[in-house]
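Each structure below appears as structure tokens.
Next, two complexes with chain A in common: one pairs it with chain B, the other with chain C.
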Partner chain A sequence: MFVIVVGGGKVGYYLTKELVQSGHEVVLMEKDSLRASQIGDEIGSIVVPHDGCEGRYLAKAGANRADIVAAVTGDDEDNLVICQMAKHHFAVPRTIARVNNPKNEVLFRHLGVDEQISPTRMILGSIEENIPVHELLHLAVVGGGELDLIEAQLREDSPAVGQNASALTLPDGCVLFAVIRNEVPLAIRADTLLQAGDKVLGIGRTECEEELQRVLLGEASPD
Partner chain B sequence: MRIIIVGCGRVGSLLAESLDAAGHEVVILDTATRAFDRLPDSFKGDAVRGDGTDEDVLRRAGAEGADIFLALTEGDNRNVMTAQMAADALGIKRTVAKINDPLRAAAYAELGVATVCRTNLIADALARYLDLPIAVGPGVQAPGFADEPVPGEQPAAPARRGEG
Partner chain C sequence: MPELLKPTFRRAVVAVNGSPTDERVVRLVSELARPAKAEVVAVHVVEIDWTMPLDADIAERSEEAQRVLDTAEAVAEQHNYRLEGVLLQARDVGAALVDEAAERQADVLVLGLPYRTRFGGEFAIGRAIPYCFKNAPCTVWVVRDAIPEEPR
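Presenting the complex of A and B:
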């Protein structure tokens, strides 16, 4: 695969190295010429010392035939512009943006960026996995970006406890498919009764979330 | 009209002052409090310190449902992002992004973002003053409201992207 990585910070640097090692064709774009030449000295002449936000330099880097453009600079606005230029002017099939402010994920999705990776969200998710939360937990964005994989941990007082999982009234465009009980995954069957402590896994459209939260966990308590 | 301006530089502050004086409801944002020194004491609008590319900040400043949104910071990409955010997430119909790179301005105009390009505006103004006909891209490109006067007659096609 031919990948253009834009942004020669830590993320871009290690990403480029790993991709090269896995045998992919890679070009790294870094607009700071000093940084670019440092990296070039180390990993060879695959560094384009120019701004990946500019069409002419993206063209120079070979955006016309790139399979993937990964925008991993530290600035969300730059990553957005890089992906939009790649998408709309070079018809790059897959654009990936690093998103620092997790709130920007939705915006980037609406504006045509294929995949949004938010380190902030990932670390947050990792922390939240280990502390009791009273809300739906987002595990991943799937299916073109309009669907969320979610998890809900049931408490003693959650309305879904004691109910038959397959008989719950769920919003349209949303399914529950598994329960994790005592670290054991169980498929949801016709007779699965939900218990306190269960982690219920589901998949659904983003806008169903509020209703799903109500059905499984009750009204969100603003505490 | 309610008008949101992101970036209290020379252009932002000048517009904020004039629009306020003309009786509009103006909210201006900048990351630096000092930038608001450019506003006159008579300014009656809101000056909000905060990152105008942050959706939460914009909402708190009351940007949702405003009539006009002007992205006038010194960063082309910041302007592009916040203008699209204003249209997409805040439901603002008329948004304009200042993009000083002519190529990027043209590219985003094609994508449906109204853009104003200082580089083209100055080059065009100079060429007119000196009466030297040269090919300069339009200073304002406004796909959303085509009835807008657009300086620079012919849509000069000098810089093809993908070359150079």
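Presenting the complex of A and C:
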């Protein structure tokens, strides 16, 4: 597989190294010529010392035949431009963007970036995993970025507590499939009675999140 | 050249690229290789840009590439020496030369350098030679052409 990695920071550097070790053909684009030279000295002549935001340099890096373009710079705007150009100008089949500000994920999705990776969101998810939270917890993005795998931990005052799963009015495009009760996973059936402390797992379209939150946990806190 | 000052080597990799400097480089190395019957390998690297896969068919260019190697072999024969011609495709000439020199355990890597200046007069050494200086495990010789005379 031919992969173009844009951004020679720590993420891009280690990503490139791993991909090379896995036997993929990789080009790393880094606009800082000194940094590009340092990386080139270490991992070989696979570094294009130019700005991946510019179409002519993406072309030079071989975007016309790339299977994947991964934009992993520290700048969301750059990552968006790179992915859009790769997608629409070079018809790259798969674009992956690092999203530093989780609030930009929706924008990236709407603008056609195939996959968004948000380290901030991942760390947040990891922190929230073991802390009781009052909001839906994002476990993963699936389905090419269109769907979120979510978890909701029910509290005593959650509106879903005491109801059968079949009684919940879920938004279109959302399904609940499992509940973790006392560390034991159970498949959700129509007659599953939800209890406080249950962790309810579901999958749904991103735009349904607010409604799903309301059905399972109640209104989200204003902040 | 006095005998004591003649450098000796067992195996030399010589970079050729079809420039007029090739003849001077091949002649020099052939002369120096003869006393010790050293092995001489002429390497021509065809740089493939990233828009094409590295194993792309470069048939259109291979005729020219073969001519570069044929010329190098002919120059060596004129000086009663035989060399092996090697054609490589690579992303970067310097890296390919260094890899070839390392793989063949060459004692010396020899490159020619035409005297060129950039706009503004700054001497231009290109990318391959600094890369080889920095990374080649063996001795590196660079044969620089004479400075051309200014047109009157």
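We take it that the second predicted complex is superposed on the first by the 219 of 223 C-alpha atoms of A that agree within 3 Å, B and C clash if a C-alpha of one lies under 4 Å from a C-alpha of the other, contacts with A are read in each partner's own complex, and residues count from 1 in each chain.
Assume a residue touches a chain if its C-beta (ideal position, glycine included) is under 8 Å from a C-beta of that chain, and two chains touch if they have at least 3 such contacts.
Because the structure is predicted, anything quoted here is derived from the model rather than measured.
Is A:115 contacted by the first partner chain B, the second partner chain C, both or neither?
Touch status of A:115: no partner.
Should A:27 be classified as contacting the first partner (chain B), the second (chain C), both, or neither?
second
When the two structures are overlaid on chain A, which partner does A:135 contact: first (chain B), second (chain C), both, or neither?
After superposition on chain A, A:135 lies in contact with neither partner.
Let me test your reading of the model: by the given contact rule, A:45 touches which partner, first (chain B), second (chain C), both or neither?
second
Where does A:211 make contact in the superposed view: on chain B (first), on chain C (second), on both, or on neither?
neither
Contacts for A:64 in the overlay, against chain B (first) and chain C (second): which applies, first, second, both or neither?
In the superposition, A:64 touches chain B and chain C alike.
Where does A:54 make contact in the superposed view: on chain B (first), on chain C (second), on both, or on neither?
first
Counting contacts the way the document defines them, which residues of chain A are shared by the two interfaces, the one with chain B and the one with chain C?
Looking at chain A, the two contact sets intersect at 59-60, 64.
Using the touch definition from the top, list the residues of chain C that touch chain A in their complex.
For chain C paired with chain A, touching residues are 49-54, 91-92, 94-95, 134-135.
Report the residues of chain A in contact with chain C in the complex, numbered from low to high.
By the definition above, chain A touches chain C via 2, 25, 27, 41, 44-46, 48, 59-62, 64-65.
Taking the complex as given, what residues does chain B use to touch chain A?
53-56, 75-78, 80-82, 84-85, 88-89, 101, 103-104, 107, 110-111, 161-164
Show which residues of chain A lie in contact with chain B when the two form their complex.
53-56, 59-60, 64, 75-78, 80-81, 84-85, 88-89, 101, 103-104, 106-107, 110-111
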